[in-house]
Amino acid sequence: MGPSSDVAHLGHVELLTDRFDESLDFFARVYGLTESGRSGDSAYLRAFDDYEFHTLKLTRHDTTGVGHIGYRVSSPEALERRVRAIEASDYRVHGWTEGDLGHGPAFQFEDPFGHIFELYWETVKYEAPEAERPALKNIAQRYHGRGCCPRRLDHVNLLAENVTEFRDFMQTCLGSRVTEQILLDNGRLGGCWFTVNNKTYDLACTEEHGRGTGRLHHVTFATDQREDILRAADIFLENGVHIETGPHKHAIQGTFFLYVWEPAGNRVELANAGARLILAPDWETVTWTETERKKGQAWGLKTIESFHTRGTPPVKDGT
Amino acid sequence: MGPSSDVAHLGHVELLTDRFDESLDFFARVYGLTESGRSGDSAYLRAFDDYEFHTLKLTRHDTTGVGHIGYRVSSPEALERRVRAIEASDYRVHGWTEGDLGHGPAFQFEDPFGHIFELYWETVKYEAPEAERPALKNIAQRYHGRGCCPRRLDHVNLLAENVTEFRDFMQTCLGSRVTEQILLDNGRLGGCWFTVNNKTYDLACTEEHGRGTGRLHHVTFATDQREDILRAADIFLENGVHIETGPHKHAIQGTFFLYVWEPAGNRVELANAGARLILAPDWETVTWTETERKKGQAWGLKTIESFHTRGTPPVKDGT
Amino acid sequence: MGPSSDVAHLGHVELLTDRFDESLDFFARVYGLTESGRSGDSAYLRAFDDYEFHTLKLTRHDTTGVGHIGYRVSSPEALERRVRAIEASDYRVHGWTEGDLGHGPAFQFEDPFGHIFELYWETVKYEAPEAERPALKNIAQRYHGRGCCPRRLDHVNLLAENVTEFRDFMQTCLGSRVTEQILLDNGRLGGCWFTVNNKTYDLACTEEHGRGTGRLHHVTFATDQREDILRAADIFLENGVHIETGPHKHAIQGTFFLYVWEPAGNRVELANAGARLILAPDWETVTWTETERKKGQAWGLKTIESFHTRGTPPVKDGT
Amino acid sequence: MGPSSDVAHLGHVELLTDRFDESLDFFARVYGLTESGRSGDSAYLRAFDDYEFHTLKLTRHDTTGVGHIGYRVSSPEALERRVRAIEASDYRVHGWTEGDLGHGPAFQFEDPFGHIFELYWETVKYEAPEAERPALKNIAQRYHGRGCCPRRLDHVNLLAENVTEFRDFMQTCLGSRVTEQILLDNGRLGGCWFTVNNKTYDLACTEEHGRGTGRLHHVTFATDQREDILRAADIFLENGVHIETGPHKHAIQGTFFLYVWEPAGNRVELANAGARLILAPDWETVTWTETERKKGQAWGLKTIESFHTRGTPPVKDGT
């Protein structure tokens, strides 16, 4: 079975912050996104080559974490098919919204762990204002070179107490493929990496160890080169941003990574997958055992403890 | 309209050479592919993370150029659909082959300019021998580091006297999307970049100016980083390989490139697209005018004259 | 004979501009230098890890070109020795200045082609204001990441009608070594690359073909990585800066380069030498013949015509 | 006081191995040095742009560690001056050797901790055999691209129970400058980084915590780019080489690093300093406190425990 042709790609992630101004300053000036709009309690941001109006919706809130995750479908008909499949399932349906600054009507539903997803077809393509017009017409916005300046939204990583149940949800609702997974010695899935297209993954789910609900592990934008990530490490350092781990290369998926905490505490990643894509329509899920995982990351870096426990919003014990 | 879900990806290119031993030495030792098999007059080669048995079939011949171009489909049903569509067209059909070392039965057909294409579903996945097993199980073969060491096949570029007709062929037979194109002042298409998936392009067609038939412009493999291409330039230099142009960045598609001639004269490219992908299901073709093209490549490099005229096999005037 | 221990390093270059505001905007915002002071008609600029107050003095003038070139000596005694040597020569001496914002008394003298040099010992080390303090105390200023953000001044390239005479001047006055040179078929030196320390060169002189006097070919700052230069190319492109040639690798000295014209027309380079240094105390000058030079740059790029003729200030025929 | 003009640069390091064949295979095939000679129990190796016959002498021995460290002086007179200074000191003098395959007579002496140093002027410049001739005449050998392929020897790091005493030795015998140092809370020097030229350091000394004598911490070669080090990490991984720590960036000196253990257990580094040089003749030593060091490396990586204790040869407790 090939990739789902119904769901096209991860469209946007809504991130909650209880330090809105500092978070916005971080994403715009340090991380290098561009604000394309503001409405109510939310700022709408995007990387320079994201084609839609926004890929990160930053919302003022009393805590941190993820608001919702939006995927764009491939056609109006695909949206109908997906809605029927979701409505036929037992998953909790929130129903249609009128849309947002960056897209038209969206169908919202929820995974068993409290994360809200939405699917939409109608979108608002980013129209670069004069000052942001690119020299080359095939990119969405000029390469502004401000901050880390990633190219596009890459993926989101969510926490769930039962990764197997989460996997079923993703397959049923989005038709996602599992490209890699961790199989724990106790028989549980420790993590799953999903994709709806040729990217190696657009969403990952790892096991929740902090007793939180609907929590976020991290959100990630992609850079063009690994050097962009090394350069970003210096930018984070000079701007007092907490670097949690990296730069290093993941064993799983082979992604070159760097994790930091934005001012409100949400974990944010920069990643580069090189030329790696999942082109095989019959890609067989790569399964990593617990023993294999204990070797650490690709080049031997031990996975930092906070990476296993910390999510947003924080739970009582502070993780 | 979204990407074709029938055709999964460019699978392999057959390259003809009248200097087989030197060409093979180039591709294996300098360019950094791995030979996975030999049969009759052909050597089967692949990049370290190509998942199939071969992506480049190098065939001893009395001239140079392209033998055929193979695309893998998404499912057996998709293959049937494609075959029906092609048979319903006016394009020349060669019919079914029994397959090759690297794949099962293939359906062959021809574009109006003499290039032979084939579609296949059954494939032979590369099984790394002991010495080529990767340290990390999610890549097809170890990162051997030999020569330029690209990661995977990227695209092929063909010459056609009528690019518009070629475009119709690609849309009818493969369901390809046109991501970018050149529209000449005379109203003709000067070039078209096609994709069947989320890659920015897997096949390009540019106008034939040399009166040749079924000619090849170049075949390209992708590197993980632009630095791999700068390093490759030194490797080519030290191995006496003719560098035609580059490294530089294309205006069209934004690809970082380097073009060389393998010993028999076929043009071979190394390319890096960074994190650029075509994720929009409703991507609108980017059209470049002749005036825009005259600005040269992205950073101002003038397109080298031989790039407009030279293809393989050569025609009488030597281009 | 080893490197001169009298002269320590190239200290600063004064650049003249007849478009002061635009030039300053270019150097500060696009090229990525930091202004450390302003006095009279001059702005004082430096790269983030230049340890002195300034390395580029940008001066409002009625034309373009180079004002003067400053070298810092190794000690007060070294300065005395150099002054004696210069005074004992036939070169034109301007004598002592009171110094500048960025350094103490300087001894000025002139080469036979009208370029003014100065030597000084007392300097003003850059003291980063609060907002520019680096996170790591071993660099002079924070890595600000603004624009191209080179690390330090690298070298200057001057034009002279007689390169041999210029070479004698450099050896007599500065004790410079010639690390590489071009020997034309007519027996003249076509170019000379000089150094007073372990850098591969800090000053180059190429033959003047434009009948100008005391002209500048270009001034160059060094980036940490080649990727910084590829990234800079996009920054120049997006800011409408004319890219003259590159990025590519010089055959001579092996430097990775990119040449642009700042708004007033002075040629400015970004360069990266990798790990290449001249460590041999008895380094033998590498001599390139005219035939060798005709092969173009390291990877085959033909040297652009304007590179041979254009200097600043312009001469009557516009070169 | 400026840099010593008497001692030109670190020339070579002799490394002892009790697994000669495996160590040699590592350095030649994986690390990417070239063997230029063999004599008795030693193989002579060098990086592609080292100008001397050898920079690493690998010697079969019953244990591991460093044999001796050779520095080349700037002239025959400089050698005489150095010998007089060393003979006038209390340091242990071994006296003159007849030289080695790669250089002429050398004057040997010893630091208070058992490391043997030598100074020499006459050297054997590497003459590339036909197959190793570079395409460009200004590098010593072709860029062969084999293994990690560093450009040149960079530095050596030794262990000493009293870093202050070691520093005095370096200043007295070599005239080295201290560019950076660690000052422990107990008032002892924890580490010192030395240079005799414009490199940021060519020798480092850190405190011996393993009760060993004359031990080696590591020897390092320099790559042209940081990307070379990321690529090297994959090469080490695929060749089963133990990666101890990195890639990451040192806080001290800002060097991008990767540490591995060659088959006999000696620690070997690849490093890249970017464009960083010590040009100031009056560079003031940068002093790091114990508190500052506790922050870990530049981007927050905690210094791995074995880094503080492990040297070669091993001591009884295995460090």
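Letters are used for the chains, namely A, B, C and D, taken in the order the chains are written, and counting of residues starts over at 1 for each.
What we mean here is this: a contact is a pair of C-beta atoms (placed from the backbone, for glycine too) under 8 Å apart; a residue touches a chain by one contact, two chains touch by 3 or more.
In this text the structure is predicted, and so the values were computed from the model without any measurement.
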Worksheet item: Do the two copies subunit A and subunit C share over half of their interface residue numbers, or under half; same or different?
Response: same
Response to the item:
A-D, A-C or B-D checked against B-C; over half of contact pairs coincide for A-D
Practice prompt. Determine the centre-to-centre distance between subunit A and subunit C, using the mean Cα coordinates as centres, and give it in whole Å.
Written response: 46
Discussion item. Averaging over Cα atoms per chain, report the distance between subunit A and subunit B in Å.
Written reply: 32
Worksheet, complete the sentence: Multi-chain contacts in subunit D, i.e. residues touching at least two other chains, fall at 136, 225-227, 234, 237, 298
Worksheet item: Should the pattern of chain-chain touching be classed as line, ring, star, complete or other?
Response: complete
Worksheet item: Okay, in this complex, where on subunit C does subunit D touch?
Response: 1-3, 5, 8-9, 49, 51, 72-75, 78, 125, 136-139, 150-152, 154, 180, 197-199, 222-227, 251-254, 272-277, 279-281, 283, 286, 288, 292, 298
Worksheet, complete the sentence: Listed in rising order, subunit B residues that touch subunit C in their complex are 226-227, 230, 233-234, 236-237, 242-249, 256, 298-301
Discussion item. If we count contacts the way the header does, which residues on subunit A are in touch with subunit C in the complex?
Written reply: 134-136, 142-145, 147, 225, 227-228, 231, 234-235, 237-238, 240
